[in-house]
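Okay, structure first, notes after.
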Amino acid sequence: MTLELVLQGVVGGLLMGLVYALIAAGLSLIFGLMEIVNFAHGEFLMLAMFASFWAWALWRLDPLVSLPLTALLLGVLGWATYHGVVRFILDAPMLAQIFATFGLAVFLRSGAQALWGADFHLVKDPLVQGRVTVAGVFIGLPQLVASAGALVAFGLLYWFITRTETGLALQATAQDRQAASLMGIDTQWMFALGWAIGGACVGVAGGLLATFFYVFPDVGASFALLAYVAVALGGFGNVPATLAGGVVVGLVEVLGGLLFDPSLKLIGVFALYLLVVLWRPQGLFGRF
Amino acid sequence: MSLLEVAGLTKHFGGVVANREVSFSVAPGELVGVIGPNGAGKSTLFDLITGFQRPDAGVVRLDGHDVTRRRPDEISRRGVARTFQKLRPFAGMTALENVMVGAFQKTADVAEAREVARRALASVGLGERADAHAQGLSTGQRKRLELARALATSPRLLLLDEVTGGVDQATIPGLVRLVRELHAGGLALVVIEHNMRVIMEISQRIVALQLGQVIADAPPAEIVRDRRVIDAYLGESWR
Amino acid sequence: MSRTRLAVGLVLLAAAVLFPALVTLPYPRDVLIRIFLFATLAQAWNILAGYCGQISLGHAIFFGTGAYAAGMFVAKDIASPWVAMVVGAVIAVALSQVIGAPVFRLRGHYFAIATIAVGEIVHILAVNWELIGAARGLYIPIKRPDSLVNFQFHQSKAVYYYIVLGLLLLGLGVTRLIERSRLGYYFRAVREEQDAAASLGVAVARTKRMAFAISAALTAMCGTFYAQYVLFIDPESVLPLSLSILICLVAVLGGVGTLWGPLIGAAVLIPLGEATRIYVGGTGKALDLVIYGALIMVVSVAQPAGLVGIARRLRRAA
């Protein structure tokens, strides 16, 4: 195992980690607002990727070009999920909360398979292709652009939550639902907005991934699991910290593959989740 | 020997000191009241005694044995029962079933547990509501339910956390009478209360807490004259 | 139990017992075998999740344990599959205690995700473990003639039917026993209010581990049955997350925390799966899962007590 290989791995892990962070951010935001884990988050990502793919397959729109559309579409899906499903289980027992979004996940994933088959699809001839070499390390341009895009989106999200009035209202609702509503904040609206933003984040991530990743109905599952770990690392509800969480997950995934066997790389990530929640339940950057 | 003895109990939550060097003891069959403004550390004290929190320093002794690091269920089995400020009935179970969970501490037989539970419910005046679902009960009834549940474990010491909290005025005398009966039956009690009339009436001794510290530990007659307690909590009108 | 309930139960039991003699077509019998198997699996999960409130989303690991125990014992000619069933159950119990000790300290969603993580770890390890055949899987060698000792029946599959029916009755019996015992009350207390239960003397961690052990053992026994019935196992068929989810779906649809929920759930979902597969022509279109998913959403939102809950409400309204 050469230094070159390790460096290659670190860079790759870092870049993917940024995408994981964006996916995790949406999940964390939703949890912070209403203590509900969106078990359909991976399927949201999958739908975003399919949306990008079909935009390319039908209208020759590059995923990067259709990105705003994908984000909007997923934002609407998030909003609809809140109003159609989540709204009714806000105060339901844990079992109902878990299985409501789980049912949605199964529904979306099998729906995708029923509609589009189980085949793998790939956007051929994307706008951004090829690779660059920096200090002996190969970096695929699509991956680089995707990571940069994820970082920018993350930055936008951060700016929105911390610098705009709506964003601050979101934070207030997350910290104390009752106090926020007493201050005149419409919590229902905030919840729906949270889901919409969470969806949009995943929409952007999906569009970016579609530039180089295979698209198929089950693709969301593994990303979702990695996202849970990233959220746990940052601390459930701590959106900015998911950046670190995502990067750590990306690095652990790659390093696990290098140190052990590529097929075992996910074990490192899951083991990491267990270690973190058992040792430091509030995550590395704990909020509570 | 005292039944319960706490010495030097200290607990921090981050920068907040919930309890600082709290020490007092309870003799078998004694009724001790605990008063103090909100945030004085009263509920934390209960958590420390019953094993829901671990103190940073100090000891909790039952019958002379150190139980500081014991789990809540172990402490319960040594004869200490408690109620919670925020009521926690077992939803999805009837009142009778709720109390049976407590009764099962002393017996594994379902029929026997049912009998003990019925008697406990009757003793708190919920006899007719035995088969009602716990969620359907009013706040006052839930308070009684929680009491019955705790009593079904046949405790020697009962910690009551704000038993008159959130209950309408008409129900209070009944609850007070109940507590008196339990005390008369030989049960030792530590009672957290904000209702001054009630606590003065029933307590043999009162421990006053402020900002996590014990500022007075004396019979009611002396407590009302204690300067520090008046300044911290009672106000002048109690004299 | 009321007289009518008892009568209905006995009639159903008689029908179930007589069925293979009356209906000799293999297909309906196989569907019933699948229904009984999933009903038992869901019942086992129900003990942990429905009654004790610990939502495990990685239960397939116990199924796989039982299946691989059988596979290894028979493939390597170590002992009879029945011995394997016992050994598999014991290993499953041990596994449940090892996992439970740390993981039960977690609550709610953290716990659920942790069970997914454990499930995936076991799945990945199995795919890479050469001893048990890794991704290729294990073929259980065919033994002739048919014999109970060898747990293989090729002439008439009816014996498989009775064995799995026996497992189902075992599952129902164990659940019934628990329901009426102190343990059952403790399970429910831990499910509802863990801290209040502790304050009443319930050893919460031990209660959870007990539920886990019973659930794991029963699930493993089903796994052993499956291995002997299908005679081929691999990580994809006995350890995937999708199997864990399917087990949950059956129980949730039927009604968690109830005695009959899992059986009702299986009786609805399995035929539904068969029907959609026939209708769509078996091209793997996953239409049955689309319906499952929608049903689960509806059940979670409208009636968390599942079909049993709906039936109760209808009866009360009538």
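Labels A, B and C are assigned to the chains in the order they are written; within every chain, residues are numbered from 1.
Methods note: contacts are C-beta pairs under 8 Å (C-beta built on N, C-alpha and C of every residue); 3 or more make two chains touch, one makes a residue touch a chain.
Keep in mind that what you see is a predicted model, and the values were worked out from it rather than measured.
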Check your understanding: Just by CA atoms, which chain is the most central one?
Key -> C
**Study point:** Best-connected chain pair, where connection means C-beta pairs in contact
**Key:** A-C
Point to revise | Chain whose average C-alpha position is farthest from subunit B's own | key: A
Revision key, fill the gap. For the pair subunit A and subunit C, the C-alpha centroid-to-centroid distance in angstrom is 32
**Study point:** Centroid spacing, where centroids are CA-atom means, of subunit A and subunit B in whole angstrom
**Key:** 47
Revision key, fill the gap. Between subunit B and subunit C, the Cα-mean centres are separated in Å by 43
Point to revise | subunit C-facing residues of subunit B, complex | key: 50-52, 71-73, 76-77, 81-82, 84, 88-93, 97, 100-102, 104-105, 108, 110, 113, 149-150, 152-153
Review point. Which of the residues in subunit C end up touching subunit B in this complex?
Key: 180-182, 185-186, 188-189, 192-193, 195-204, 257
Point to revise | Complex interface listing, subunit A residues touching subunit C | key: 31, 35, 37, 85, 88-89, 92-100, 102-111, 113-114, 118, 221, 225, 228-229, 232, 236, 261, 263-264, 266-267, 270-271, 273-274, 277-278, 281
**Study point:** Touch list for subunit C against partner subunit A, complex
**Key:** 49, 53, 55, 102-103, 105-106, 108-110, 112-114, 116-118, 120-121, 124-125, 127-128, 241, 245, 248-249, 252, 256, 284-290, 292-302, 304
